[in-house]
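Below you'll find a set of structures to go through.
Same chain, two partners: chain A is paired with chain B first, then with chain C.
Showing the complex of A and B:
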């Protein structure tokens, strides 16, 4: 028998992740049950205040806005990404078209947000254009609303959704669609009952890659959102750095962590069992 | 096949491309504008002069970004690769623990990692600065390297490693002469992904950076907050051109990674 070197190999990474991920997460879990200190920090008394504060209507409103905006961004992203990925995968110039997707993907995240500020901002391209052509006479406020947040979220995460979709569609055997059509399936039947179930992994990955970062978003609503489009991430940052209520910041972080983890696990499981149903159907 | 094939997908594809490129084209065009506003007043290169000659803070931040990207990627590649090898080849008590805890950072929103690290650094009294940014970057990069190298280990013919052991290779020989060379495409891919993620990261860095330890994304953020600035337009053009050049020059590397 060879010696078991597994622990030696895995120990450095286990230590690193324990100290800089598991311990910090445990600390915010702990802090969420403590009282807040006067100037930030915590007082070591057990308290459920930070969780009670979550039932107040301002917080619930932000939570609702966060869910609505991130679901909207995910749906729009998917509706654009699916046909686009399909087109690229079927094209004779797929390498070049893929390259066109990779350029915005590699462009800095903040530059991509900034591009929209430069266009939609009060002194931006669109306002200058509308005023100089006489269509409008004063500045129109295009930014600082939920629509701006959704547009920029879609713009930011579309490449992340496109790439996994492309790679699964590219591997898909298109003779299956021809077979379905030959056997009398309509065009939409062949897409919904043959293509989509077969590229399920790509769709799941695309949804996760869009929804998770959108749901925990901080930068986009901070830069292009307004009062009515602040998301949970912004509240966490505000409680941490401005209001200095660390227990509240921690309890919101715990909620965000919990929702994301449960969401991901549920989604993966649903997807797995749905995939199995299809296989079973095929067997029948 | 019917002739209408792809008409709808072509339409959506075109929409997506216009959506992708219209903002970038506006940025590029207005970087050559003579005015400080988004009102066209003639061609000029003044914002490029400004960017290259009068933006010392920006270049200092860029330098920080490069240093952190390289150092954190080297460490995360080493940690991640060793971890992947250990998990792949052996069974041990804390294996499940490593698998789960190294998967979680991939699915959690970035802000959670940023906030928890900030609170952690405050709790242990570590001054925020380049060191804390470095630690944070290694932490979010390691899971990616682990994932990518594991995928590579999954692919190749394992009998060559068995053969190495049967022929009397010591562990260190098997590691350096067999396992590492065959996993090299995965290791390089993991390293490149780490560098990219590190250069790109804004949210986590935002929380763990201290005064005077700005990175390029943090510097861009502080400029954007004051509204439209033609210097950012010029910088965007340089960054976009940079990513196109990188995309071309690393094409060979990616080909090597995917073909092996």
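Showing the complex of A and C:
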């Protein structure tokens, strides 16, 4: 009998993940149950202070804003990415168009956020354009509010939603759309009843690839957000570097991880049970 | 034309510089099993897609029950298609696939269930309704596709090479079943195929197409016995061709001087005069092969002497390849009747006579001199 070396092949990844993911998150988990040191760091005494501090209303407000902004960004990203991915998959120039989607990755992420400041700023391209064409007469405040955060989040995660959607739509058998039209479906019925159910895995992946990183964002709200659009990532950074309350930043990190995990599991569960319902209905 | 169910009226179609259909005119009668037969790339599938509404013709019109349907989108046309690849919805069960058109119409639950059950019974799939398409065999998928296309009760069912993905045995079986379904529900079937045997065995009438043109429209026997030209004669069944010049004509028959076999008598199926260059086709099964020269060789029969070059035994018939002159080989098919007959004793290398009735040759091409 041939030996199965599969587990051995997986060792490098297993090691990598243990060292760079499991160990750090365990440290954060541990720190969140310790007392804060006077000048940063931790004192090795068990304490729930860091979790008690979370009941404070500012924190809850930030948590809520984070959830709302990430969900808004995810929905807008998906609505933009779906038709775009469809167009690319159906285009004769798909390789070139995919290449265009990937080009922004050649530039540093932070620089691309600064580019958005140059576009949306009071003396930026957009304001200058609106004033010079006479559409507006004074500067409009585009930056430093939740909208700016959502716009830049959408910009950031659009390629991550586009690629999985593209790969499922590209594999989709378009004669099914013809079949649906032939059987009496209007254009939109053929999209909703045939295309979307068949590219569900791509949609799920796109949602996860947008929502999870958006939820933990730090740089975008830091640079283009205002006081009322700070997200959990910003609070974590502030507690770690300015207030130097390590246990608190750890406990917020744990909550963030927990919310993400629960959210994702719930989403996947809903997704699957929707599929199961269809099957059960058929059995009747 | 009035009274036809489908009128294909001067339809042309080009993709860029390539002309796929050239002024196609076909009238299909109500309730007919009509086939479009031709080699791949002849434009038959494009024609079907134009009728279904997936392509627009560059020129011409399509009438369904005497009204043009070109301006209607495919979901508004009273025709349904059985696709070559079946195009079943992979996320829906057999039942839901068949129910799909009815759900779009928002019929009530009971009506849907009853009708889907009826049509699943028609295609003998009532015990498979909870399965997903991926769990079905090719033949079963085909049945689902047929039931789904029929459930809207279309005026015309379009079938795009529906059997091409099935193996030979199953194809025969499904063909008979399609014929039975056609007899039962009585609507018009428009069947696209490149398989001449399929087309001939089930169609009421068929159109033979090549290079975007309709070469001949007729019943299977008309097309087989009186092919319009060499292409039709070659594409459907097998043939022996003789080309030569007319040397004399009388009221109903002509004498052709051929370089293959000398003088041959033939009926004048086309109008020919002395000096015309013609091609005569004779089906291999119409040729007879005997060791002795038949007596009536000069009245009513054409006789050629030759040597048996090869014999291929295929079970129900034997194919004799007879060399009549260097480089000229005639094909003779002889169906087996009795195991030991005079003919079956013919062996490789035997000197024999090939002969046929004057009426069995058919002039497929004539060019005036």
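Definition applied: the second predicted complex is superposed on the first by the 231 of 284 C-alpha atoms of A that agree within 3 Å, B and C clash if a C-alpha of one lies under 4 Å from a C-alpha of the other, contacts with A are read in each partner's own complex, and residues count from 1 in each chain.
Here is the rule we go by: a contact is a pair of C-beta atoms (placed from the backbone, for glycine too) under 8 Å apart; a residue touches a chain by one contact, two chains touch by 3 or more.
It should be emphasised that the depicted structure is a prediction, and the values quoted were computed from it without experimental measurement.
Applying the stated contact rule after C-alpha superposition, one finds that A:10 touches chain B and leaves chain C untouched.
Of the two partner chains, chain B is the only one that A:115 touches; chain C does not reach it. Once the two complexes are laid over each other on the shared chain, residue contacts for A:189 go to chain C alone; chain B is not touched. Contact with chain B, but none with chain C, is seen for A:223 once the two complexes are overlaid on the shared chain. In the superposed model, A:99 makes contact with chain B only, not with chain C.
In the superposition on chain A, contact is made by A:84 with chain B only, not with chain C. When the two structures are aligned on the shared chain, A:176 is found in touch with chain C, with no touch to chain B. On chain A, the surface touched by chain B in one complex and the surface touched by chain C in the other have residues 178 in common. Of all residues in chain B, those touching chain A in their complex are 1-2, 6, 8-13, 15-17, 19-24, 26-27, 30, 37-39, 78-80, 82-83, 85-87, 89-95, 97-98, 101-102, 104-105, 107-113, 115-120, 122-123, 135-136, 138-139, 142-143, 146, 165, 171, 196, 200, 202-203, 206-207, 216-217, 220-221, 224-225, 227-228, 232-233, 235-236, 239-240, 243-244, 246-247.
Interface residues of chain C facing chain A in the complex, by the touch rule stated above, are 52-54, 73-75, 80-81, 83, 85, 87-93, 95-96, 100-101, 104-105, 129-130, 148-149, 152. Of all residues in chain A, only 2-14, 16-18, 20-25, 27-28, 31, 41, 80-81, 83-84, 86-88, 90, 97, 99-104, 106-119, 121, 123-125, 127-128, 132, 155, 158, 162, 178, 187, 208, 212-213, 215-219, 223, 233, 236-237, 240, 246, 249-250, 253, 256-257, 260-261, 264 touch chain B in the complex they form.
Across the interface of their complex, chain C is touched by residues 173, 175-176, 178-186, 189, 193-194, 197-198, 200, 278-279, 282-283 of chain A.
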